[in-house]
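Structures are listed in the sections that come next.
Two complexes are shown next, each including chain A; its partner changes from chain B in the first to chain C in the second.
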Partner chain A sequence: MTPPAATVAEPLQVPLIPPSEHRWADVIHRLEAGGSMLPDTPENLKQIIGIYKAYAVPMDFYWRDLLYIAEKVFLNPLPAFKYFPSQAYLDRPNSYAGEQSQLRIWRGGEKAHPELLEFMAKGETRAMPKLLHHLWHDRINMEFAEACMQAMLWHQGMGGRFNDYLESEAYRANADRAIKAFFRGNPVMLGLYKLFPEMFMEQVKQMSYYANLGLFWEVMAPVFFEMSDIYDEGGFKGVPDAMDFLVNGIFAVAGRPIYHHVYVGEECIEVIPKTEGFTWLYEAALPYVEAVFYRTAPFRGTKSYNAQAYQVPDNQADFHYGILYADVFPVGSAGIPPTLLMQDMLHFLPPYLEEIYLQYKRGEEDQLIQLGITFQRSMYNVTSAVIQALRCALLYPLDDTDPEHLLANRQFFEAQMDRFVRPEARLGDVQTQDYR
Partner chain B sequence: MASSLPLLLLLALPSAAALLIPLLASASPARVRNLAALACAGQFVVGLLCWRLAPAELHLAWLPKLKLSLDLGLDGLSLPLVLLTALVSTMAILSAEADHARPRLFHCLLLATNIGVVGSFLSRNALLFLLAFELVLIPATLLVAIWGGKRKAGAAIRYLVYGSVSGLTLLGGVLALAWCNSNGVSFDYAELAKAQLSPSAQAWILALFLLAFGLKLPIVPLHGWQPFTYAEAPIPAVMLLSGVVSKLGAYGLLRFGVGFLPEVWAAWSPWIAAAGAVSAVYGALNAIAQSDIRRLMAYSSLGHMGLLVLSLAAATPLSLQGAVAQTLAHGMIVALLFACVGLIERKTGSSSIPELSGLLNPLRGLPFTMGMLLLALMAAAGIPGLVGFPAELIVFEGSWVVFPRATLICLISSGFTAVYAIRLFNRVGFGRLDNARADWASTRWSERAPAVVLTVLIVACGIWPQALTGWSERATSSLALRTFALPNPMVASQREGTAAVALATRTLPS
Partner chain C sequence: MATIIETAKAAGCFSTLLTAVEVAGLTAALESPGPFTVFAPVDDAFAALPPGTVQTLVDNPPQLARILKFHVLAGEHRKAELVDQAEWASLEGAPVAIRRAEPLEVKNATVLTADVVCDNGVVHVINRVILPG
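After this line comes the complex of A and B, so read on.
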């Protein structure tokens, strides 16, 4: 995909609408000028691109394993080896990268990233049986990916038709077919299914979310790889460029089908067929952003979930535990580990990012925290891309000359920024480079 | 034949370093610090040698007209305290920052404090003891006044005033003890132990000693200087003041009160025990209410001094052993506590409890320092396996038979230690580490070393309590005013629970 040129709008001589009086007016004005919530500084650009690359490598594993679990492990009652995807899934070509892809958007190859394969072979220790790597935690932490899926499953109705479909008769019929096929010749499990059908249905719904997230990340991994490559080639001039690349990418694959297939032997059972018309943007990307970025990030130990102390809101919509709000510091006590994702990203940091971390705070000692904060910055940029994409899809161009249209855009941006008024939001922190 | 050279070495090593350091004009602050620490470490080694090979007492005439002579000696009471002083001095000096301002003067004053304290413990002459005791006041005051915190002037003046009153009353007590002795004027300990004094003279002299040493310990209501001084003094000075200098008060009460004035001590002991119990409760409750770690430690120390006074008041063989054990245990614990506080202050710039939180954070906090602080707090709370447990156990067991009510009160106050320890740790260790503040480097091993040494000793002495009591068993038994045959349960029940307490024949130290 061709990198976009810098798109910072030229300042208007006479503003068509008065300045915003919102608490985050500066950020709103920046968004209206085609910028990101993240200030446009060279270091911010370096940080977010570096972390996208470090994120993309484990993500290349996440999406393959998520699909493996959804399609092959499925309802295995003892999924001890669900984090050991078969070679077929490790070799599974990406649908949007590589020569073989029917819709090639990104320039990368279809295979799993070489750094990922190298890490899977040796880890940080040395080559040894897979199981030992797994038990020693010298591996990709798939638990993170599962926690993201669980966040989507738990919050459910966050736009799109996906969740409604899971309650439909058509879905139940397909799921029933898949369950019976999967447990064919297993009277015990079939008997249990007869006794507790809803429990099995719930498990299938969860598997559908596995597929949903796997298909979402199948797109995002090559996006991030390409951004890293473009940056290495000197292609991005600022944070808005990186955001625009994401916006263009979102539109390029917005219509990608979201489905759930289950493979039992050679048979393929379409639990959610592609013909249902679920799309990547509305049934995967937006619910994912809402669930993980805003409401619940699987950053265990970063926030108290003590319901008895009334620290969990009554209203589900008031949840604000996402990465945009997360206190990246591990708190509570010693022993609470930094998040699993941070550990995963640590394996694949580009050298220029490591250099930055060595210059600040405790250098190598607290890289996990520094990269966690970088990740938070980068996710503010991704969220900006989503906000701009929504504005693009639902409202008016930024260079529109009709004040009423500009006011509509303004109201949209202000409504988005209202979500960052609460004190936990880190929007204010990422405005300064001192937050590390 | 035993030599008295080691006794001279105990004083000569720090003195030589104190004389040499001012001449090292071009030496780096770190080198000055290391030299001072080396002198104190050498003192510790000599002390250990004295334990294995008891040195002969030294008697050198100094000012015969004033009956002042350089009489030095070591017995079961003074040897462990000399070792404690050498140990804490070494660790205090090493706890100083490597690039300390005006390092030569700073370390000379620390060494001078050490010389005063060790000189007091070695003295076998009351006038010499007084001189050494007074010597401590000047360098300690200067340490507070020059290197103290924001309110250093007030703290230094307060310390000076209280210290001067302590010194003056001690002077009065020592002179009265010598002059009122119908056997003739003498300041020699052996003579003072056999002094013939009228009951009223004994009472007045003990009152003076209680005031002098009570101010030094300190004990309620004579503690006015302590929280201010501990809050403002530089950390090495606080380690010395709390870990060593305050022990001069305990030693003085034992040597001069229990040793030289046993009858009146026994008669006043219920009141002394009551003062100990009040101190224990007052210190613990105030510690709970503090919002600054240094002040919390100061009141904690005050409470633990209350236990010490209780055990001295009981004056049974076991309680006096407990007093020595508590002196040693508290010296190590409080030194470790302040060493940890010093590290926290150095890194975070604050000892204010509301300003600190999340220091246990494994990546951006001070987890190692907080671990040692936790261990020190646990030791202070008397958790088994650490040095505080055997010391407090002996204190309580030894005092219970004489003053059950006061002991019970002290037991309860000891429980309060856990309250302020948990409160402190919960607020400072746990919670959210503020990213805006958490911009400090982790502690280096060279910085941690003094606290690590103290930590190891606190664990080791907890596992092997003989290290606390073995030194002084014979000396404290000979000083005991009361003896007890542990009651047979059958007999005890017939006596309706009353403890068999008998004033034993007084035995003076040889």
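After this line comes the complex of A and C, so read on.
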């Protein structure tokens, strides 16, 4: 007699490699199964997509203004109006949105996002001239974008060839042309350039990082807008789906050129030409993740450190002040970069995210903290996408049947998780929904 | 014998690679005396990349050339020689790692056919596009 189906023994699937014994073994096994560092729960999905949307709107301003500063404001010695991008930059077609784009990531329009334009006109207060909005600080906090740029500039050698190029003779010659063209007919600035050439070079390098970050975020804004639209249409089934969208996006734009052009009148000076072959993945995305998600630097005024007691690492690579390690509560002090971003995102929260915040902790009173922690969750997901994309590019498929390949993947995942063993890491916190 | 480009054309499974080489302006270089060692990904290797990846590179020839140069070594290095050294400098500048001798693995790609000898070098056919890093 045939036994009932339910009692038939399942064939035992012997794992090809033994389980990990790493402290974050559970997370590693989840990554090996195609998941994210962030657990796959409906609320996590809702939180991360909601914050991607709230992040994308100010990011649409950041990238436009970063490129405006790098290309037009350039070495203006009194850049009082650098946070007022020209109309041309607000209308500048996003290379990855709109019908004109060769690779359309967001199905929306190519110009500045309507919610951004509305906020720029009205702010939190009311409609008034943009100079008054600026002075009242009722505006997008570009200082956050500049802080990210400065983290990339300061940490420098984080893979890719961008920073090496900034030290090359070719770059110095291009920068020299740009400086001389920009200050043509200005004997005072040209005289200062002769006296202090290295100071001017250093400023041009900083401008090149403005361009780098602007070109990086020009991609991320439409990616996040599209993710929000897909979620609103019911398209993502879980956190891994959202991560996979990011992984595919990373590959799709990996070869995008990273360059720095300066415009003096009608003249275009290629400080970093596209022909140098710099790419979005190697020269912008990976250095950005390293500098901003992991490293950055301690924020002034939030905590005292004793450097002699090695409370601040003597090796820059060991810096751990990025969003993946941040204690969002003390960090949420006025005027420091993460708080500036939280304030920017607060203006564009989708209603479903506001509803969540009203239900927990102090409701509206501590929304900035709650959304900061949501942002932390979402960046653990973005970092997971970067880790999976690197695994995909440099290692082996998750369903590979060669144990040596699986062990190589395992070693890679464990090495990545080693960075979250230190006590400041928030990986453990984001595993539960209670962390708010 | 034929050059590397002629050999690839005759094989019939490198149409994406040949298009990429053409767009990147590397055809003439690979027709030159060299010699070169080329790790040539088959069409399926390019097709396995997420949508848009190849298109973005084809739209940007200098960036495409950089990725292609990572698949080329200066000099003619056959399998027996490749396995004696853990890393080889690519024309892109980044090192190409030899991870396993049998079957021969170059970074995360497996060599499907090794030692296709040409006039101006040698081709090793691989099953994946390899990337620096």
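For the reader, a short list of remarks on this structure follows.
What we mean here is this: the second predicted complex is superposed on the first by the 400 of 436 C-alpha atoms of A that agree within 3 Å, B and C clash if a C-alpha of one lies under 4 Å from a C-alpha of the other, contacts with A are read in each partner's own complex, and residues count from 1 in each chain.
Everything that follows uses one rule, which is that a residue touches a chain if its C-beta (ideal position, glycine included) is under 8 Å from a C-beta of that chain, and two chains touch if they have at least 3 such contacts.
Predicted model only: the values in this text are computed from it and were never measured.
In the superposition on chain A, A:317 makes contact with neither chain B nor chain C. When both complexes are overlaid on chain A, the residue A:170 reaches neither chain B nor chain C. When the two complexes are overlaid on their common chain A, residue A:103 makes contact with chain C while staying clear of chain B.
In the superposition on chain A, A:16 makes contact with neither chain B nor chain C.
Within the superposed three-chain model, A:404 lies in touch with chain C and out of touch with chain B [touch as defined at top]. Set side by side, chain B and chain C differ in how many residues of chain A they touch, and the one touching more is C. In the superposition on chain A, A:252 makes contact with chain C only, while chain B stays out of contact range. With both structures placed on the common chain, the touch criterion links A:394 to chain C but leaves chain B unconnected. Of the two partner chains placed by the overlay, only chain B lies in contact with A:327; chain C stays clear of it.
Looking at the shared chain after the overlay, A:366 reaches chain B, while chain C stays out of its contact range.
In the superposition on chain A, no residue of chain A contacts both chain B and chain C.
Looking at the complex, you find that chain B touches chain A at residues 358, 360-365, 367, 429-433, 435, 438-439, 441-442.
Residue ranges of chain A in contact with chain B, taken from their complex: 327, 329-335, 338, 361-362, 365-366, 368-369, 429, 435-436.
Against chain C, in their complex, chain A makes its touches with residues 102-103, 159, 161, 247-248, 251-257, 274-279, 282, 286, 390, 393-396, 404-405, 408.
The touching residues of chain C, counted against chain A in their complex, run 49-53, 55-57, 59-60, 62-67, 93, 99-100, 107-108, 131-133.
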